[in-house]
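Labels run A, B, C and D following the written order; every chain starts at residue 1.
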Amino acid sequence: MRHSLGRLRVWLYFQLEPKAWGYGLSPFNWVICALIALSSTLAILETEPGVREGREALIHGLELVFSSVFLVEYIVRVWCCVENRHYRHPFKGRLAYLLSPAAVLDLLAVLPLLLGVVGPQTLLLRFVRLLRIVRLAKFGRFSRAVHRINVAVRSRGYELSISMIIALSFMVFASILLYFVEGDVQPEAFGSIPRALWWSVITFTTVGYGDVYPITHLGKVLAGLTAIAGIALVAMPTGILASAFSDAMQRGRFEEDEIKKKN
Amino acid sequence: MRHSLGRLRVWLYFQLEPKAWGYGLSPFNWVICALIALSSTLAILETEPGVREGREALIHGLELVFSSVFLVEYIVRVWCCVENRHYRHPFKGRLAYLLSPAAVLDLLAVLPLLLGVVGPQTLLLRFVRLLRIVRLAKFGRFSRAVHRINVAVRSRGYELSISMIIALSFMVFASILLYFVEGDVQPEAFGSIPRALWWSVITFTTVGYGDVYPITHLGKVLAGLTAIAGIALVAMPTGILASAFSDAMQRGRFEEDEIKKKN
Amino acid sequence: MRHSLGRLRVWLYFQLEPKAWGYGLSPFNWVICALIALSSTLAILETEPGVREGREALIHGLELVFSSVFLVEYIVRVWCCVENRHYRHPFKGRLAYLLSPAAVLDLLAVLPLLLGVVGPQTLLLRFVRLLRIVRLAKFGRFSRAVHRINVAVRSRGYELSISMIIALSFMVFASILLYFVEGDVQPEAFGSIPRALWWSVITFTTVGYGDVYPITHLGKVLAGLTAIAGIALVAMPTGILASAFSDAMQRGRFEEDEIKKKN
Amino acid sequence: MRHSLGRLRVWLYFQLEPKAWGYGLSPFNWVICALIALSSTLAILETEPGVREGREALIHGLELVFSSVFLVEYIVRVWCCVENRHYRHPFKGRLAYLLSPAAVLDLLAVLPLLLGVVGPQTLLLRFVRLLRIVRLAKFGRFSRAVHRINVAVRSRGYELSISMIIALSFMVFASILLYFVEGDVQPEAFGSIPRALWWSVITFTTVGYGDVYPITHLGKVLAGLTAIAGIALVAMPTGILASAFSDAMQRGRFEEDEIKKKN
């Protein structure tokens, strides 16, 4: 009996741990990923009153199913984790696993079920809803690409921070100019530098909502120059990031090929 | 008699089949391309009441001419297709050709004529109009570049999907933040996460219609950070696609030169 | 006397013809360039009623001075052109020069003076104003870079036209979708495909004025996808053009260095 | 006594002069940088009435502390500057240092304290506020990256100015077209070329506030073409700047490594 339980634990560990399984996703993890996607989509759509109203029972039932599966997944992962040589000890190892970021995320994803038992008050309800969407972060476990992009962006951290500082300085500079030029004419929009910064950021990033824009002649000239400068300043991080991502992707593809060859 | 018909069929096949003709377009296909362009333009302009009113007879007449030419083209292509060694058999080959995507498209382009005989009801009319514009897809037959770009984008499919997933995650994340911050103040615009997603997508892509934007201080700070993050996240697919297209185009140009040399 | 006139003509030719002078601009051409810039700026500012009113005499006087100088320049260029071996013949050569694009542009730039004598009627006045701004094109004579960029863009003509056709197809496709989805709800903005095209172009280029945008749920989903697709499609011509310009500039810099070495 | 003062001066010089300290920032300069950041943030936030009201005493007190520290820093830097071999002479050297841009900036950063003693009149107050934000420029002393980017942008000055001139010509051209097409319909927005230029700049840079946009059919067609052309023209400086920054950053990283190796 103990022996067959041990074999089950090994088998489950290989099914659940992406690194143990190797390249691609195991059938179990495919199901988990699908449930994360469905659960998050439900949590997002449910915030829309037109979707929620009249379907509370259905949503609550689905949510119960999702949470239960995630609870079972959590318990099984805790049970199996001792197969990993980092968490080998039945008590200390399991405790170490329970405190690892992935396990904490899994617990958070289960919390809505446990809190739901207490009874959903209005404030708690909001927090529970947020937790449901946080489940999206469970995807992180399965992704090598996210890790690689993370490394790539950090490797260009110096260039990025310099270009960000320059871009921010220009934004502050433009907002100071428009605060002096338009501050008296449009106090609501340009009456202080923080207010002018809202205009400045939305113009530099070329979003241009149109809720605030200069109306004086000098203000328009300065805003035009700001918009033109914005193109140049946006080109900096764009160029740096584009090349960083392209490098990370090529390295990643090479690694994937290596893994495929081994298998 | 049969002999001269056979020679006509061979000659027509070489005129109509771009791959048989080789580099460039045959005179027949130039006419077909011009008719596709004219017919699509007419179908687009005709939806404008100011253009249609008082010119119904003219438009109907032109449409009849275009459809008839496309019908003749369809019949001739079906007749000639047996010259292609893939469709050599008079019955099975022709049936196989009739079911090929290009032939189905040609049939769809002729449908408005056939449906027009039945008499245009309001709902059918809409469908017929759509079919007229679908004729634009007939261009696909003549384009090697479209095929090449298709291949190029697929070769970077992994990179593109990763960067798209990251961009979408940030969009969802930004919309959740603004749902919590602005949801109570502007329920119409930010009252649910799907509603906030509309704002999020329009801000990330730097379109910025200005129909929805945050009005609270915290909301503006978060929206500003979102707009700045949007630039970085948009840089990813841009960089990947730009290099993919550039590669595809260089390879394509090389192939064109090879074909030119042979001819 | 004839001899000294001949020497004057040679000297003026070297002063006026950028190719004869070699690298950089001759003092005479610096003056001409400054006058073109001043004259165009005046013609632009003069259209603003707040600038024009009360200064009609001053503007008219300055315009007279500019036009007179350009008239003298035109006459001198025609007189000197025979020094160029392409226009050596006193009559045939000068006639050939008079019909060259640069000479025709010079004549157009002088026309406001000649037409002003006739007396400025309202419609003619508009035309005269346009001619004054057309003087900006006189700069073309002095620019090697414009020629080089022209060559660069043409060398990538095939790639650019393919990417433009794909981008336009997507724009048309998006406008057809929104015509069907929003046409009945907002007939003013999406009531016909040409109307929807205005929305489509402004969204794809991420300009986003905000004068038209979808209001239905399905319309917003489609518009969001359109905005995301817009980024990808805009990346194509951007990548192609950026590399074309970069190539043209490097080649140009190399040529400049060669010319500098020779001098 | 004199000897120990001399040693203090050498020690302070090494603490305060980034080039003497070598790679990274000395503890003294970390404090200075933090104070610059805090002081500028205060100066920016203080312009917002909601932040300033009721906290005038606190803000004034903090401002006094910041200014006093900067005054001490200024005096110490002037005292120590003779350790630099460029400013070795006690009088001439110090005078030369006092007139150097960095020292003038330091003096400007102290001015608000000295002017505050005189008593802040409304107009003077504005100027003082501006001076407080100008302190941000004090950061320039510590940054090698800013210097390097400056060099990089200048090295592509020719390419950038050419692409800027072409982009500006297109903007002027587009504004002339819309002045003729929409001038009579929307005199407020397109009634003169300078007015139309506002629309043109905001459209070319894809900001698109939506305060002005064409309403006639021809105007919309031209605006659509302008928006499409804008993408191409914006691609030029973007491509040039992106590669210039990327080059500057790689060179800079190489230099940093060299400095690190030496240390």
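Rule of thumb we're sticking to: contacts are C-beta pairs under 8 Å (C-beta built on N, C-alpha and C of every residue); 3 or more make two chains touch, one makes a residue touch a chain.
Everything numeric here is computed off the predicted structure, so don't read it as measured data.
To find the repeat of A-D among B-D, A-C or C-D, check which pair has over half of the same contact pairs by residue number; it is C-D. Remark: rotation between subunit B and subunit C after Cα superposition is 90° (nearest 5). At the interface between subunit A and subunit B, under half of the residue numbers involved are used by both copies, so each side presents largely different positions.
Separation between the centroids of subunit A and subunit B, computed from CA atoms only, is 33 Å. Note: centroid distance subunit A to subunit C, computed from Cα atoms, is 47 Å.
In subunit B, the positions touching at least two other chains are 197, 206-210, 234, 238-239, 242-243.
Put simply, subunit D touches subunit A in their complex at residues 44-45, 47-49, 51, 126, 130, 133, 136, 143, 145-146, 149, 197-198, 201-202, 205-211, 234, 237-239, 241-243, 245-246, 249, 253. Partner subunit C is touched in their complex by these residues of subunit A: 206-210. Per the touch definition, subunit D reaches subunit C in the complex via residues 158-159, 162-163, 166, 169, 172, 176, 179-180, 191-195, 197, 203, 206-210, 213, 220, 223-224, 227-228, 230-232, 234-236, 238-240, 242-243.
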